Amino acid sequence: MIEHYIEQVSTYAADIDNLITMIAVITGFWFVLVEVVFLGLIVAYRKKPGVKAQYITGEEKHQKRWIGIPHELVLLCDIAVIIGAVRVWVDVKQTMPPAQETVRIIGQQWAWSFVQPGPDGKLDTADDIKTVDELHVKVDTTYHFKLEARDVLHSFSVPVFRLKQDAIPGRVITGWFRAKKTGTHDIQCAEICGIGHGLMPARIVIESAGEHNAWMAAQAALATK
Amino acid sequence: MSDAAATHGEHDEAAHLAHYMKIYRTLVVLFLVSVSGPFISDHFVHSKALVLVTAFGIALVKAYLVCAHFMHLNVEKKFVIYMLTTALVFMFLFFAGVSPDIMEHRGRNWENVAAREETASALKEQAERAAHPGEHEGAEHAE
Amino acid sequence: MSQPAEEHAHAHDDHGHDHDHGDTGAHGHHEDGFIKKYLWSVDHKMIAKQYLFTGMAMGLIGGFFSYAFRMQMAYPGHNVPGFGVVSPNEYNQLITNHGTIMIFWLAMPVLIAAFGNFLIPLMLGCDDMVFPRINRLSYQIFLLSAIVLIASWFVPGGGFGGAWTAYPPLSAKSQYNLTPLGSTMWVIAVALEFVAFLLGGINFVTTAMNSRAPGMKMFDIPMVVWMIVIASILFMASVGPLVAGAVMLVFDQQLGTGFFDPVRGGDPILWQHLFWFFGHPEVYVVLLPAVGIVAEIITVFSRKKLFAYKTVLYTAFGTAVLSFFVWAHHQFIAGIDPRMANVFTATTVLISIPIAEMMFVYVATLYGGSITLTTPMLWALGFIGEFIIGGVTGIFLGSSGSDIYFHDTYFVLAHFHYTFVPIAVIAVFAATTYWFPKMFGTMMNETLGKIHFWGTVIPFNGIFIPLFITGMGGDHRRIYNYANFPEQWTPHLIQMREFATVSLLVLIAFQGIFFINFFYSMFKGKPAGNNPWNANTLEWQTVSPPPHGNFAELPNCYRGPYEYSVPGREEDFWPQNEVG
Amino acid sequence: MSRPIATTRSVTGIATGKLAVWWVLASEIVIFGGLLCSYLMHRLGHPEFGGYAAHTNTALGATNTFVLLTSSLFAVRAHFEAEHGRGKSAANWLYMTVGGALTFLCIKGYEWHHEISEGFVISKNAFWSFYYTAAGLHACHVIGGAIIMLIIAQDAKKNQELQRVELIGIYWHFVDVVWIFLFPLLYIAK
């Protein structure tokens, strides 16, 4: 459902979209059913001259069935939704595939900074590559990100990845993503962070391995200059 | 309620008063125990269990005595007790739901770096102070 | 009380907003004295009207704010007529105060305080609330809180702009939010408002528990009274941590304490828990009175007994208890431990069961009825029809997996507007049109009422269905201009935003009809008589409007509130106080 | 102002005023509960809080516990006298209770003065923030209770509104119970 509005670029985007579609089908069924019955009853039982309303307490067993059975069906649907939701959640947020690359993401008023390991392959060394408001990643590579905030809450959100995670000052939160298509997409801040909250646009550039390595080399060269 | 009580004789009244005094004396004794536990732990035998039992276990008993006998919850309608207990239970619920994030400083895929650093540096500073007590007069009056 | 004197009394109700600002001079010729009658009254009906008018005035302000920021959304950077160009800072202030007002100064005062005050003593057959002076104090504190909130917009630095959830550190430190005074005044205003509702709530609960008419058993209490009482209890039981949190936040702002400061041993996540531990039950605090109101109205206008009264009551209790177990679904991606999210997903999705059951009961009540579509009935049915949308879209957000995408998008916004608008607008209009005859003694105009109904409900869907779509397209909330985000600046999404804004303009325009109808009917409407709707509940068994003391003789109660169309009776209604 | 008839009804069998007081206490439990839960989580998560708590004055805190316990006894005596219709005597016991409240506040003031002058101010760190906020919130309840008690004592002296003596007593015992927990939480947990 969501893919009609926005591309699926990460590996788990389809899982999340499928979950949303499943919920849409289940809730859509109930929604249509209840609204049809509801509107139908309004039409069917409009006041007619000489016809008195029926006296139904709803307390007897055969009457209660009319709400009891749907109620149990709702419970079944709920269980299906919970199972679906937890499965997706565990995959996306709770467990993480092993990292091929690691990137540090720092939110501050009002910009995103990205720190990638330089040629030595380690974070927090002198040759780290730092960029602002532009994140370059390789396609088909599992990235772990370490999310931090300098001042207030921010939220790192990449709609095409279906990824979102709040950044909290004082904490390091780890997450992962794996892009499956090249391209350039938006990063939004999804947690109000002050006056410039709407002015915090960043871009994520997903490149092929060759392009990415070329970019890394250029950045490293810039840094040493 | 007051009318009914007024019809009781002098004897009942005295018994009632004696009951209040008895509760009060128990409370004072418990209070002394609750203070002495931590005192013993600080100055003689260091025991965390002793502190917990005397300070918090006895606080529970004291609170029970005050609630039951001074607030008269022992003769109050059951409903009131349920109502107050419900409020308390919600607080336990709050604690249970929140402590995995606040009390713990490390969890699945996250780490509260600031809290860990703060704890480490503060403990280090406290250890240094303990090693050189003379420099910190302020710390002494507490006991 | 004679009719002319009463007429005269109403002449000043429309100055409700004025006497908030101390307009007292010209009305001294009253017997009771203007102040004593309108500002210092201990009569629960007058206090209800005070709450109603203050709530409406605040609602108008909140509506104006939504107009300003919706215009900015559709036409960013353009001059908004009547406001000017919206700066990012003003945009944040507008959305923050819009949310705060609509929940704390419209939904709560009107649904709980105004109708609670008006209905509880009348429906229970009492002469007044049990603590009239505490009731008066409650309104006065509430009024003070509204004044503090309004004043906060005019202090140096401007009003608070950190969203109605006020997450620290943004809300806690002025170097981040740049509103050193506005943010503190905002917290104080909210805290005062809580105090007002705690006082009011204690009054409601005690009155309902202790002061029912002789003969009125537990299950003879009208549903709306039950719901307001459950809501008040829910409020009392959940607001405590946030009151403590408000104190902590003010101290963080003004005294430099470290409660929410990570480098001094505090924790910003703590506020989110304190806030949502209250914030989620709060949703049901306003929902329950609304469903109670709807129960009264659909039974009267379908001439039916409420289907399974006890079931409705149990589902309400179930909802209230469950609502304490779900709060962290607001924080799935806010940095809580991912394992906890699984627990909260389960509890959250399960809360759909009592709510769904409640809706089933209302639909079932219509079966076999004799339905007249009067204005109040239209509103009540509109509530059911629209609230279901709010309910089902909640499932997307309560399940953690899909919330990863939807969190803090316009989908969330549209979802909770589909719950809050039915609650705070549709149900309030239902209640106002239904009890207007009792409040003011005159009937509202049906034609104007129906025009207003369709003119509100259709544009309402026109606003929020497009916002569901922009949310699915990835629009995040609280961003003042999407032109900065190439993926959100597509013709399709721009069109949707414009459509929503135009719908809002239409909706606002139609509200004029309501106010014309309301004030015209108050003075010139035809007299209502005691029981214009042939209803059973006790408030309709006294004169309209009821005098001070409510009943000439306090009624006894002989049966439940929904004995409509009882077989073997000539009349299709059977008042609760009728002997035999 | 005459009292509404509604106030005199009592379907639950609990007098209306008393029922209201119980509801007040229920809402107070969650206010203090929220604050103390927050404190407790920090306390258990931060072992260094124990070191900070060592700077509090346990002896004075203990004295205050004793003062409040004793004032609770006075409050219950006042209730006892009121129950037997002796308004004047009840008022006197209430004044004694207020005396307890004042003693409590004086000791508290001395303690705080001492701590602040040593540099342990509310903004020092989260422990001191919680320390002053929790004890301060409690002290506000003590002050509020004392003021209400004085008002009630005025009426009780004239044998009016004697049922209110019990109500303020219940509230006072609650304030006492809160302190019974605050004392070990803030002073002893080292």
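A, B, C and D are the chain letters, set down in written order, and residue numbers restart from 1 in every chain.
Quick note on the criterion: contacts are C-beta pairs under 8 Å (C-beta built on N, C-alpha and C of every residue); 3 or more make two chains touch, one makes a residue touch a chain.
Keep in mind it's a predicted model, so treat the numbers as computed, not measured.
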Partition of the remaining chains by touching, absent chain C: one piece
Of all other chains, the one whose Cα centre sits farthest from chain C: B
By count of C-beta pairs in contact, the leading pair of chains: A-C
Chain centre separation (chain A, chain D; CA means) in Å: 48
Separation of mean Cα positions, chain C and chain A [Å, integer]: 31
Inter-centroid spacing, chain C versus chain B (mean Cα positions, whole Å): 40
Between chain C and chain D, centroid-to-centroid distance (C-alpha), Å: 34
Shared-contact residues (touching 2 or more other chains) in chain D: 12, 14, 23, 26-27, 29-30, 33-34, 37-38, 41-42, 46, 48, 125
Where chain B touches two or more other chains, by residue: 86-87, 90, 94, 98, 102, 104, 108-110, 112, 114-115, 118-119, 122
For chain A, residues that touch 2 or more chains besides their own: 93-94, 169-171, 173
Every chain pair in contact, whichever chains are involved: A-B, A-C, B-C, B-D, C-D
In the complex, chain D residues that touch chain C: 1, 4-7, 9-12, 14, 16, 19-20, 23-24, 26-35, 37-38, 41-42, 46, 48-49, 122-123, 125-127, 129-130, 133, 137
Chain B residues within the chain D interface of the complex: 1-2, 5-6, 13, 16-17, 20-21, 24, 27-28, 31, 34-35, 38, 42, 51, 55-56, 59, 62-63, 66-67, 70-72, 76-77, 79-80, 83-84, 86-88, 90-91, 94-95, 98-99, 102-105, 115, 118-119, 122-123, 126, 138-139, 141-143
Chain A to chain B touching residues, read off their complex: 93-94, 96, 169-175
Residue ranges of chain C touching chain B (in the complex, touch as defined): 237-238, 240-241, 262-265, 267, 269-270, 273, 277, 324-325, 327-328, 335-340
Contacting residues of chain C [partner chain D, same complex]: 42, 121, 126-133, 198, 201-203, 205-207, 209-212, 236-245, 247-248, 251, 255-259, 261, 264-267, 270, 274, 277, 554
